[in-house]
Every structure is written in C-alpha cells, then in structure tokens.
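In the two complexes below, chain A is the common chain; its partner is chain B in one and chain C in the other.
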Partner chain A sequence: MTGFITRRLASAVLLLFATSVVVFGIFEVIPSYNPARAIAGRAATAATVAEISQKFGFDKPVWIQYGNTMKLIFTGQIIDYQDNLNVVSQFVHRFSVTLSLVVPAAIIWMAVAILLGSISALRAGGWLDRGLMVAAITGVSIPVFLLAAALLYLFAFRLPWFPNTGYTPFGTDPAQWAYHLVLPWLSIAVLSIGFYSRVLRSNALDVINQDFVRTARAKGLTERQVFTRHVLRNALMPIVTLFGLDFATLLGGAALVTETVFNLPGIGQYEATAIGQLDVPPIMVGAMFTAFFVVLFSALSDVVYALLDPRIRITG
Partner chain B sequence: MSEQLLEIEDLEVSFATEDGVLRAVSGVSFTVSRGETVAIVGESGSGKSVTVMTLMGLTRSPNARFAGTARLNGVDLISASEDKLEAIRGKEIAMIFQDPISALSPVHRVGAQIAEQIRAHEKISKAAALDRAIELMGRVGIPNARARARSYPHEFSGGMRQRVMIAMALSLSPSVLIADEPTTALDVTIQAQILDEIRQLTAESDTGVIFVTHDLGVVADIADRVLVMYAGRLVEQGTVDEIFYDPQHPYTWGLLGSVPRVDLEPPRRLPAIPGAPPSLVRPPEGCPFQPRCPHAFDRCRELPPLAPRLPDAGHLDRCWLTPDDKRVLRETGGRIGLTEGAAS
Partner chain C sequence: MALDSPEGGAAGIIVSAAPSDLSPEGRQPAAIGPWQLALRRLRRNYVTLFFLALLVILVLMCLLAPVYSAHIAGVGPNTNNITGTVSVNGTQQNIVSLSGVPIGPTWGAHYLLGADTNGRDLAVRLLYGGRTSLLIGAVATAVIMILGTLVGLLAGYFRGVVDFILRPLMELIWSFPVVILGVALGTALALGGIGPVKGNSLFIPAFIIGVVYVPYLGKPIRGEVLRLREQDFIDAARVQGMGPWRIMFSEILPNVSTTIIVFLPLILANSILLEAYLSFLGAGVQAPNASWGTLISDGLTYIQTTPTYSLIPGAMLVLTVLSVNVVGDGVRDALDPRAQVRVRN
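Presenting the complex of A and B:
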C-alpha cells in the first residue's frame, strides 16, 4: 500500500509539472498574446506597455518567466493581470461555491442514473426502456449552455418559480442557498444522468446473462435480491472509475458554463473569465488545481475498485 | 419401489427465434425416485440442459413456451407462479452447474454465498447461517473450512469450487439434486473425487439425482437409470445395465460405439456418428435420427412412439425395428456400436 501511495504521489508531482509547462507553453505560442498590452489597457502608450513589460518580467526569456510564475504560485503571491486579485485566495474563496454546486448535483445524478439505468435494464427492449434511452441520449446531446439558458428562461423568467441568478452562502440562509442552486444542479445533472444511466444499463445487461446470476436465481433468491446483490453490485464497479474522473474535473471548475449562466461566483466562473481575457495566472492555477483533483480521485477510485472487486489487489 | 419424488409428463419447451419456433424439448416424460440417480445423456443441442433448467424454472422468458407437467412434492414446476418457484428453488430442488468459476459470484466470499442460500429460505441470523455453511464445507471435504469460508472463489482450485457448489446446493437437503455436467470442466482425477462426493452425500440423504452429461464413463459410474436424448426427444430409457448391455436404439449404439476402446485394436480413425444433429427449428418428419441412421427403412418416416419392445416394461425406446432385428444389427465385429463404414 505504501508503494502505491508513493507511486501516486510521484505521478501527481510529474503531472502537475507537465500541466503547468503545457499551459504556459500554449500562451507562448498564441500569436496575439501580449499580456503587457492587456494589463496596460486600451489607451496605453508604448512607454506604459514597456514599463509594465519590465515590471512583470515579460521581457525575460521564457523559462525564467515560467520559473517566476511557478514561484509566485507556490508562495501564494500570484496575482491575476486583469483585476490584480490574488489568484490563490480567489480559488480558496470560490471553492465553496463550486462545492455547493457540484456535490449535490453529483448525488442527484448518481441516484437518478442508477434508478433509471436499473429500470431500463430490467425492462430491456420494452417501451419504457426505449423511452428512457431516448431521453438519456437527448440529455447527453443538449449543450449545457443551451440547457442552462433554457432552464433559466422557463423556470425563472417565464414561470417565476426560481430566482433569477446569484448565490446565497449556506451559512447565511440554507433555504435560499438550495433555492438558488436547484436550476444549476439540474443543468449539470441532466447530462450526467443521460450518460451514467446508459452505462449502467449496458453493464447490467452484460452481468445479467452471466452464470453466477443464474446460480443466484437457482438458489431461490427473489428477483430483487438477485438484481441488487449480484447484478447491480457488479455493474456499478466500472462506474466508480468513470465517476471519479468526472467529479474531479468538476471540482476543478469544469462546470464553468453553468456557473457563468447562473452567475455563481465559483472557480469555473473565474476560470472562464480568465480564459476569455487570456489571463495566464488564473488559467495556470486552475489547470494545476484540476490536475491535482484528477490524480487524487483516480487514486481513490482505484482503491475503491480494489475494495469492491476482490480479484484486484493494490500491489505495493 | 422407492417413493417417486419428481414426475415429468410430456414436457415440451420451445423458443420463438428470428428463424422460427425452435422446439428444444418435445414430449419428454420420466420419473425420479428417492435415492435414485438418473443420467440424461446426449449430444450438445439434444435438449438435456434445457430439460433440467426448465425444471428449475430458469428457462422462463418472454419468448419461451411450455407444455406438459413436472410434479415435485405435489407442485407442478412448469405452471407454478414465480413466487412459488422462488420458494421451491434451492430448498426442494437444487442445481449445480458446469463451470464453477463462472457459476459462483466473484465478489462475495464463499461462506457468505452458501449462507445466502440458507438464508433465502430460513429465517436465521447471518452468523448462524455462516456456521452451518462452514459445517457443510467440512462435510464436502474442504479442509480448514472456517478459514476458507472467508476466501473468494478465485482463490480456490476447480475441484474445491465445485465442492462449494455442492455444499451450497445440498445445504437445505433438497429432495432432488440436478447436476448439469458438473465434472466437464474438471480434470479426470478431480472428476472422480467429485463424483464420489456427490454419490456419498446423496446416498446419506436419499436425494434423487438428475445427472446431465455427455460422458458415458460418468454414466456407467454413477447412474441407476439412463435417459438418452436426441434432437429434443427421449429416444431410449432404461436401467444402466440395460442401456449398456442391451441397447435398443441405433443412436445409443452410435454413442457406445464412439467411445474409444483400450481392449480392442485401435482404429485408424476415431469412430463417430456421421452427419450432424438436425435443426430444431425445422425438425425432420418422423424419427429425428433417420437421416443419420444406417438402419433406416420406410417406416421411419413416421415418428415411433416411446414404448417398451421387450417384456421388460421399464426399458423404453423409440425405434420401429423389432428386438430380433436390433440384436443382429447392433453387433459389429463383436462389439456394440457403429456399423463398418459408418465411421467417416
């Protein structure tokens, strides 16, 4: 087990390093990228631009700039170019918003996906199954920006059931907190429900035809016991891995469209703005932030998988 | 005469497929008595597995159709409701399957799987069920049962896994045990052990056994009575001695003749019945074996009834030939089997 942890930590460090290099490198290649000009603003003179360039070190060689940036990141002093805010502190403050968005959405989508996927598998070939699968494909196919905007329009504007946008912290008013987040949760959940219910259905149908399921029936277990204890147990295992990765990227800010449409001050919104303005520091920190979660959750899902399937053991 | 446990009458099983209606089992009737081991032999596709799985209700599906009855302790297994069947399966009639590694759940411990069988029908605690499971594991010859109950199937050898399956199947002392080719996936030495195990345990509790196999050596070893199936039909039925020493159906002769003999000159080629079993979607008119039978004649266009031809009423066969003709035709060079030149 210690060997496993050591190897994962080592790969985490490597991955973070690689991510930072790649992201940094991308900006060196973008032709229109001129951060000094962007910071200086529209009406800047050439002299101002040059002064800023020198102050931020944009005139230095690439690897020195990279080194400086990384140093600033790890000392928690890096500031973004657009608003002069401390990037790391922004991430810390905004993380709770993203958590509020992502964690309940994940619970909702997994619960519904398991339910719908199970129903589809049990009624495979029937009209209910076909209907659910069409709905699933639709859910997967709808672009998030369209869905979020449509939900907002229909249920906040047309039918004033939900508030327009904005975020209320949990500490201030739990009811309001949830109320503001219902539509955003739905925006994220619909796509994932579509995806996971299809995966579960497919896995369950594979397992249901296996010999040990037949043995379970031969023992006289009820259909429900056969399904939950044997079919579902095995069908959910690959989903654990998929979910780990999905959840990791969402924690890193992948729900940026939803956050932007609903004006939730989370990490995704911050990253989205930064990308739009080619503001390198938040983008770099964001990329590394996501990379960190990806490594963490992929290690966690490996451990969970080994716990669920006794044929797999973590080799130390 | 021993008490009759299971009585199957005119069982028919067919499946609707894209190519038409597949008649897997047609008009099969037999009985199983207390303490008796009945072997069902036949080629792949003869309907032997479908027959026994239907007894357990495992062939029920939207495209399956059934006819006939199978009475076990007064209940007809074919028409019983799903709930009734769930109460009977595992308790009054139990089954062990061919490949124990795939027949056991890979993610549950072995002791827990046996306990699950017990708790499916008896209201006892997990701990009590596990204790009984461990005791059963000991009885089927698994050493160090208490420790090994915590192991997973993949941590056992093939023979041990099959012992686990046997322990599981016999845990509630069923009246009838069905063994569907339980030794096919095991090597010969283990096979002998497993057969001994089954024989010993079922003798202790006077369980009726239905043993499905394609291996005549196994049949000779453990069977009291033998049913020969071909193309979904019973073609011969009798005691093990009758089948081996006085077989009445040309298909049975073919089966016996195709077993390589160590006491005779080795043939240049392994003897086999020429041809292949017929399609069950479009079964031939008349006797199903007719296209491959070296002794077919014009009467064979009509399906022979399964009836006793000899004074011995228990020995039935489905062939129009008279017993005298059969006696002449079945001997080939001093042994029962295929005619010269029938080996291709």
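Presenting the complex of A and C:
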C-alpha cells in the first residue's frame, strides 16, 4: 500500500510538472505573443512595454521565467496580467462556487444513473431500456453549453420558473442557493445520465449471468439482496473509474462553460475570462489545478476499486 | 476495449488460411467476406440509414452555402449592413436598430434568421459556419487518423526506445484535460498564428484538435499492434524477409483497419464538438469567420429576445454530431456487435 501511494504521488508530481511546462511552453514558444504588450494595453509606447517587460522579468531567459512563475504560484503571489488580482486567492475564493456547482450535479447524475441503469438491467428490452439508449447517444452529442443555453431560455425566460443568472452563497440562504443552481446542475448532469446508465446496465447484465450470482440465489438470498449486494456492487466498478476521470475534467471543461452561461462567479468563469483576454497566469494555474484533480481522482478511483472488489489487492 | 480484428474474429473461420488476404479486393471464395457481411447488416439497420440520410442532407446544406448566399439571401457571410433596412410584412425595418440591437428572424428570403450586431445575415452565416465546423472536424479527423495510426504502429511494432518516447507523450496528452489543452493552444496560436499560417486560419483549430485527440486512437492501435506482432503470420512475414515498414503497412495495418473504422465516426463527432467548445470559449474559430460554436456564443447575449440566434446553430450542431454518432454506432454494430468504445470529452 505504501509503495502504491508513493508511486501515485510520484506520477502525480511528474504530471503536474509536465502540465506546467506544457502550458508555459505553449505561451512561450509562440513567437508573436508578448505578455508585456498584453499588460501594457494597445496604445502603450515602446518604453512602457520595455519597463513592464523588465518589471515582470520577461526579458530573462525562458527557464528563469519559468522558475519565477512557479515560485510565484507556489508562494501564492502570482497576479494576473489583466486586473492585477492575486490568482491563487481568486481560485481559493471562487472554489466554493465551483464546488457548489459540480458536486451536487455529480450526485444527481450518479444517483439517477444508478437508479435508471439498475431498472433497465432488470427489465432489459423494456421501454426504459430503449429510451436510455436514445438518451445516451443524444447526451454525448450535445455540448454542455448548448443545453445550458436552452435551459436558460426555456426555464428562466420563456417560463420564468428559475432565476436567469447569479449566485447566492449556501451560508447566506440555502434555499436561494439551490434555487439559483438548479438549472446549472441539470445542464451538467442530464447529458451524462444516459451514458452512465447504459454502461451500468451492460455491466449488470454481464454480471447477472455469472456463477456467484446463481450461488447467491441458491443460498436463499432475496432477489433484492442478490441485486444490491452482488450484482450492483460488481457492476459499479467500471463506473467508478469512468466517474473519477469525468468528475475531474468537469472542473476544467463543463464548469468553464456552465459558469459562463449562468454567470456564476466560480473558477471556471475566471478562467473563461482569462482566456478571452489572453491572460496567462490564470490559464496556467487553472490547467495545473485541473490536472491535479485528474491525478487525484484517478488515484482515488483505484482505491475505491480495491475497496469494492476484494479480489483486487493493490500490490507494491 | 476488446476490439476483435477480423483476423481473430468471425473472419478467421472463413479464410483462416490467409489472414493477410482480408482486404475488400482480396480474392474470396464463394463464402461472404467480413466486409460484405458488415455491409449486409448495415443495410438492414434502418435507424442508421435514416441518420445517414440526415447527415448527407446537413452536409449538402452547408456545402450549398454559396448558392444560398448568392441567389436567395443576396449577401455574403461577412457582408456588414449596419445602416440598411429590410422589408418585413411590407414595412421597412432597420437591420440593426439605432440602439444597436440586431433584427430577429424575418422568416423571409432576406435575413431569414435575423442579423448580428454587424448587420450580417445570420442564415448565411449559419451555413458558412457549418462549412467551417465540418471542415475543421474533417481535417482534424484526418490528422488524428494519420498521426494516431502512425504513432500506434511505430510504438507497438518497434517497442523499445520508440515506445519509450511516444508512450509518455500520449499519456501526457491523455491525462491533460482536453478543453484546457485545446484552449491554451488555441489562445496562444490565435494571437499571432504560427509561421506562415495566420492567427485566424481555420487550420489552427483543426490542428489543435488533431493533436489533442491523437492518443484516443494511438493508444488502442498500439495495444492491438502489440498483440498482433506476436502472432505467427508476422513471424512468417519476417522469415520471408519483409522489412519492418512493409510488415507494418501490408501485414499489420489491414488487421487494425476495423479499429480505425470503428473509431473514425467517434473521433469525427468529438472533433466537431471540441471545435464548438473551443469556439464558444473564444479559443477556436476567430473573426470574421463563423462556426456553429461562435454563433451559439454570440447569440447568448440575445437568448431572451432572439433565442433562435443561439439555438438554431445549436440544433444544426447537435443533429450533425448525433447523425455521425448513430451512423458510427451502426457501423460498429455491423463490424463487431460486441464492441464498446467511447471518447472522453
């Protein structure tokens, strides 16, 4: 177990390092990109640009710039070029909003997917089963931001059931918090439900014909016990891995566009604004942040995998 | 991802003596070859055929954009007309109101779907945008097919140093969140372009999407090749004196072709989607060009008053991607009813 954790940590650090180098490199090797000019604005004189270039250290060699940037990130002192805000504190400050968005969305999507997947496995070939097949393929064909825009139009403007934009912190008023987030949650959750329940269904159908399920029935367990303890438990395992990766990429993908459409002040919105303004530090911190969660969740899903399946013992 | 090649699957039974002779033009005995079998299954799948027809119609609509632009709308995709007027139900209306709000759908020949803030005809831009989206999707898919196959073949066949260099590269791209990587590349390149390619060139997003999705094909192909290279017919080829390149392209490639075909529609669908994502975030197609992604993004401002601005390009996008996915599913079922593949977004 210790060896496993060490290996995981080492690969995590390596991946984060590679991520930062890649993002930094992307912006550095592009010949026409001059961050000093971006900070100075369009109408700046050459002298101002040179001054800023010196102040931020853009005139130094690439590796020194890289080192400086990393030092600034890890000491929490990096500021964005556009508004001179501290990037790390912006991320910390906005993270609660993004968590309020993605965590309940993920819970909705997993809970509904497990429920629907189980029912359609038990009634394979039924109308729900066929409906989910359509839902799955439709879900992977719709981009999140489009569903968000459609929901915003239908349920905030056409039928004024939900507020169109804005965010209320959970601490201020939980009811308002949920009321403002229903549409964003749905935008993220709905598209994945179909696919996940299909995967669960086909896993469950694979498991249901195996010997140990027959044994479980033979030793007198009720159908309900057989399904929840033996079938579902085994069918959930591939989902766990899938979910780990998808949840982590939510932070770097769906959150970006959903927060933009619904004007939620989370890290996604901050990153999206930074992209529009070619503001490197937030993009870089964002990429590393997301990569960190990708690594974290793939490690976590390995552990959960081992917990769910006693046959798998993590070696090393 | 248990994708059986024809060599190991049902086809092996039919022509087990000559596994390398599986190409469509290969000499076949009276029995039906795997490709004809697949085609026969496909022809009975009416859902797939319906969506194939829908896809053809959508593509034709986009290809005919210049015809619509010249003969019906009478304006080009980038023709500004801020001060002009258009007649709606017999009355002349400003295309862009004095306060800067563009006109909504007129449902007539001119400005069918309304205009944008520059007074450009949205219906014309919708079709030209579709051309852009499809073109980027197609070019990106071609890049992925070529690079992915090459990387998979090289890493899988040579192993050793080649694999040692290529595999971590693929792992790095793989574990990088697709949208973030695409966005970082997109923003950086949009600013100044690269070499002779201008910043607003359509080939930049196509190239970016190509790079980002290479591992999704490269990894499974590599796995297949690793398995195939240990088989007897490769040894036989080696004993006959074939060089490594010849073995790769004439012995192994035909055996991974099913995998490539199964992944093709999936990668096309995801390339079109990623283009929309990047364009939506401003890191894809750059002005003055339009794509479905930029139109959805532009239309968000007017979602309350003119929902068609965003939602019609959105519907075109979804129908296209959905058709590609359904057709891909049908092809996959026809080739190997058991396979399950998916590309992560």
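In this text, the second predicted complex is superposed on the first by the 301 of 316 C-alpha atoms of A that agree within 3 Å, B and C clash if a C-alpha of one lies under 4 Å from a C-alpha of the other, contacts with A are read in each partner's own complex, and residues count from 1 in each chain.
The definition used in the following text is that contacts are C-beta pairs under 8 Å (C-beta built on N, C-alpha and C of every residue); 3 or more make two chains touch, one makes a residue touch a chain.
Everything numeric here is computed off the predicted structure, so don't read it as measured data.
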item: Which superposed partner A:Arg217 touches (first chain B, second chain C, both, neither); value: first
item: Partner chain(s) touched by A:Pro143 [first = chain B, second = chain C, both, neither]; value: second
item: Touched partner set for A:Val112, first chain B, second chain C, both or neither; value: neither
item: Partner chain(s) touched by A:Ile73 [first = chain B, second = chain C, both, neither]; value: neither
item: Partner with the higher number of touched chain A residues, chain C or chain B; value: C
item: On chain A, the residue positions that both chain B and chain C contact, one per complex; value: none
item: Complex contact set, residues of chain A against chain C; value: 15, 18-19, 22-23, 26-27, 30-33, 137-138, 140-143, 145-146, 149-150, 152-153, 157-158, 164, 195, 202, 245-246, 248-249, 251-253, 256-257, 260-261, 272, 275-276, 278, 283, 286-287, 290-291, 294-295, 298
item: Contact footprint of chain B on chain A as seen in their complex; value: 210-212, 214-223, 225, 229-230, 233-234, 308-311
item: Contact set on chain B toward chain A in their complex; value: 56, 58, 82, 86-91, 94-95, 97, 99, 102-108, 116-117, 120-121, 152, 154, 165, 168
item: Residues of chain C touching chain A in the complex; value: 172, 175-181, 183-185, 187-189, 191-194, 199, 269, 273, 276-277, 280-283, 296-297, 299-300, 303-304, 307, 310-311, 314, 317-318, 321-322, 325-326, 329, 340, 342, 344-345
